[in-house]
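Quick one: this structure, given as structure tokens, is what I'll be asking you about.
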Amino acid sequence: MKKILNDPFAYVDEMLEGLCLAHRQYFKRTGSEGRVIVRADGLIKGKVGIVSGGGSGHLPVFTGYVGKGLLDACAIGDVFSSPAVNQVADAIRAAHSGVGVLCLYGNYSGDKMNFDMAGEIVEMEGIQTTTVRVADDVASAPLGERSKRRGVAGLVYAYKLAGAKADQFATIEQVTAIAQKAVDACRSVGVALTPCTVPAVGRPTFEIGETEIEIGMGIHGEPGVSRGSLKPADAIVEEMLGYLLADMPLQSGDRVSVLVNSLGATPLEELYIVYRYVARRLAGLGVEVVMPLVGRYATSMEMAGMSVTFCRLDRELEGLLKAPCDSPFLRV
Amino acid sequence: MSAALTTTVLSGALRRIIEKLEACADELNSLDAQLGDGDLGVTLVRGGRALAAELPNLPEDLALALQSCAQALTKLSGSTYGTLLATGLMGAAKATKGHTEVPWTEVSVLLGTALQAMARRSGAQLGDKTILDALESARAATLGLEDPAALVTAADRAVAESIERFRKRPSRQGRARIFGEMTIGRDDPGMVGFKRIIEAIKQNPGP
Amino acid sequence: MKKILNDPFAYVDEMLEGLCLAHRQYFKRTGSEGRVIVRADGLIKGKVGIVSGGGSGHLPVFTGYVGKGLLDACAIGDVFSSPAVNQVADAIRAAHSGVGVLCLYGNYSGDKMNFDMAGEIVEMEGIQTTTVRVADDVASAPLGERSKRRGVAGLVYAYKLAGAKADQFATIEQVTAIAQKAVDACRSVGVALTPCTVPAVGRPTFEIGETEIEIGMGIHGEPGVSRGSLKPADAIVEEMLGYLLADMPLQSGDRVSVLVNSLGATPLEELYIVYRYVARRLAGLGVEVVMPLVGRYATSMEMAGMSVTFCRLDRELEGLLKAPCDSPFLRV
Amino acid sequence: MSAALTTTVLSGALRRIIEKLEACADELNSLDAQLGDGDLGVTLVRGGRALAAELPNLPEDLALALQSCAQALTKLSGSTYGTLLATGLMGAAKATKGHTEVPWTEVSVLLGTALQAMARRSGAQLGDKTILDALESARAATLGLEDPAALVTAADRAVAESIERFRKRPSRQGRARIFGEMTIGRDDPGMVGFKRIIEAIKQNPGP
């Protein structure tokens, strides 16, 4: 395990300490165990709060998107492990300015249980919550069972769009509806080249041959849809686009935002080679790309690989996508 | 032995469970390492320690005592098992509201109540090879039993059989699910963890 | 070589195609071989042009910093290899609005030769150029031979500070002086954990044991100052700070900007653990950190490792550091 | 053979050099792979092709012809060797300004001029184990020679000796420098490349 760290069990807390020191103007640490990050600029009276949370090891997801026009608070778990119920409840409390809180997180059973339980706890305190789970990974379940799909990089669009709606002082019903609409508009698929190592575990999350890749592998190493040998970038991306377009066909005139995301180790150079192919293919279909994102937006520490996300936009979503937001990792 | 389940009995049992869990941590970690992320032992030790801190102050009202235990577990970093146990305890707390004791014959019903809450929370079904299946076998085996020692023995035997039975089947929930057919032939760590909890009560009875 | 690419010899051009497609509002491709990137928003009459350039494989360095308040143009070479003389000349021409061009690049002999030669060519066309070479890597030569040092992440500060000065419509002499002042104020040191692979070569740039690290290794795998076994993050950083502080002692009351930079694969989580220690140590010395940067600012593709850069600020430099700038990878 | 170095002679020599470089590409790549980035062969093949495109249009004025060749090389992606050769050609071009030919006896001086420009550009010194050392040995060996065949033979022998001599010494410039003492016992790829260029002229004389 070649990592720059101290005690593996202090990994998350030391990381959060550094994160908040480096971004004082954005983040403040709170919660009974210091595992909640809230906006440093404080609550906005009358704005619906948006809370997320999940395991560590996916920066900038989840915490990195706390900021204006995005999340209000985030609960942080150990690496690849849900935040504790108490921490989720603390995050909800911290985000509540009086008009309710949307819990917007990835569709993993541990997170679901803990958010549900936290929601029941804060309900007793009079805080209204709603829930939208991001489920964009087309490789994790067939279209007919979309609600079983995992949440991956589509989280970024869900945060952005719901966050922009909340910034308009919309009601909790409206913000929740937009979040769900964003989730419905997103499709992602990833490809993994190498595993990563959870510090407290010390061995790689999965094994994969020297020249093997796995399309559709999850961000914690969950099995994908096809394991094969490494092939040229364009062929890999073509296969990935096949899954995306089969799931959500795009037509001439459609407008989408595209996120080409590194899982960690895969460098920007390769992402741009990938984006080049995606942009050409979409241009060929007559699809207009709006505000493409290329970089590291949802990672698995040092895993090599990347994902492609489409977010299909109607006029409402496009307006929200282009609305201002400000966090260290996403600024519009 | 007490004539019914009271906070005193609960305290005594928890004390023994906490001790036992420290001893089983490595075993449960390695079981979980094979089909999950290897933290079940750590989770249960941490959970035990959180409960130990509550023990001196457990209220006599059994419902409130169960709720205190549930709340202690919600402070743990988010392990599935911790949340499930907390959910079960919370369900049991609700069902015993206002009671200072539960007759032994009702313990099975209480297990059923906990089971239902846990199933609702997790979305898992019986047959998925999780702690729920162990709990269900304990519930069925203890139905109507009056004697606490017989009750624990029956539960222990039933859980052992259940582990045996599910060994041949694949895991359908949690991290283990992603290993698919590879899980056949292996024991679910959560079921084994539940067995160890019952053993702690059985091996060393009394309050 | 586990990389997502097509023809290794098309790596750079495909990457540039994707880069410009993804950031249309920032970058335009030009130059006789398409190896020059200029600002999409055009030349600013009367502003000194700033040009950089160097090998590919270091994104966001060099090209990523073309933008308002930063670079005006950049010449791009093959992976880890200088841009051609012609391309440098094209970049200088593209950045020239009539009041001269500063060539601001890393201190590598190939780059120096090609920039010098390009400078002679454009001089014959009546374009005045000046040169400042960034030489911030303390591990690459002793203090007494500072001009032999390599340029690494300090490039980012040099671009930022000189770019801000040029934006004030300062003369070429003034912009050049600020660039040199920025270089003089910067010190960097890196640590490498794993090598990377140049696509056209296909094998790793160097070998290093499973538990070995090398402090001071260069971004192309040049040997460092000490190879040892992996140790806790705080101990690694303490050793690195030792080199930095011996070279440029800091005192209570000093103000510095700090850049904790991943060489590529090392994830943000680890960078924040590192930053946490740096921030504590500087606080202990009574040194004030201004505008810390934590992330991937100067990389070697998928190399694991990181670097720490100090940029000591006086009032003039601090003002320039905080002046607005806008590129996809640095925005103030 | 011509009585002096003219554009015609230059063209003929270049044609043979270009051909030879294609044949030596692999050898030079692997030499450079041991002490550098393994691109010297590719660099020289690309350089050759860039020059080949210029050959049909080389001006009769030798200085202008040399300058055209230099400029063709500046289009190459930035290899050190390409820039050094371009610099040397540019230096030679400046020195022959206005001349359509250079007497054979002056070729050695022209090599010295090129060498000086290259040293100034690169900052390298004689003894650093680079192409400069090969060039210097060729310059010294050809001083005052009148016969073009003798000139090439002398240069070839001198460069061979120089490669031999420097084999025992460490590289002090370029990428090879970072390998330090490991470079002892190995030939500098740039010196070998220069030897192949001379061999191309020698093995197949004429225009």
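Which chain is which? They are A, B, C and D, in the order written, and residues in each are numbered from 1.
In this text, a residue touches a chain if its C-beta (ideal position, glycine included) is under 8 Å from a C-beta of that chain, and two chains touch if they have at least 3 such contacts.
The structure presented is a predicted model; accordingly, all values stated were derived computationally and were not measured.
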{"item": "Partner chains that chain A and chain C have in common", "value": "none"}
{"item": "For chain B paired with chain D, centre-to-centre distance based on mean C-alpha positions, whole Å", "value": "81"}
{"item": "Whole-Å gap between the CA centroids of chain A and chain B", "value": "33"}
{"item": "Distance from the mean Cα position of chain D to that of chain A, given in whole angstrom", "value": "56"}
{"item": "Per-residue multi-chain contacts in chain D, two or more chains", "value": "none"}
{"item": "Of all residues in chain C, the ones touching two or more other chains", "value": "none"}
{"item": "Contact graph of the chains (line, ring, star, complete, other)", "value": "line"}
{"item": "Contact pairs between chains, per stated definition", "value": "A-B, A-C, C-D"}
{"item": "Chain C - residues contacting chain A, complex", "value": "2-7, 11, 14-19, 21-22, 56-57, 59-60, 64, 191, 193-194, 210-211, 213, 230, 232-234, 236, 260, 264-277, 279, 292, 294, 296, 299, 301-302, 304, 306, 331"}
{"item": "Residues on chain B engaged by chain A in the complex (per definition of touch)", "value": "33, 37-39, 74-80, 82-84, 86-87, 121-123, 173-175, 178, 180"}
{"item": "Residues of chain C touching chain D in the complex", "value": "32-33, 35, 55, 77-78, 80-87, 89, 109-114, 116-117, 121, 198, 200-201, 218, 220-223"}
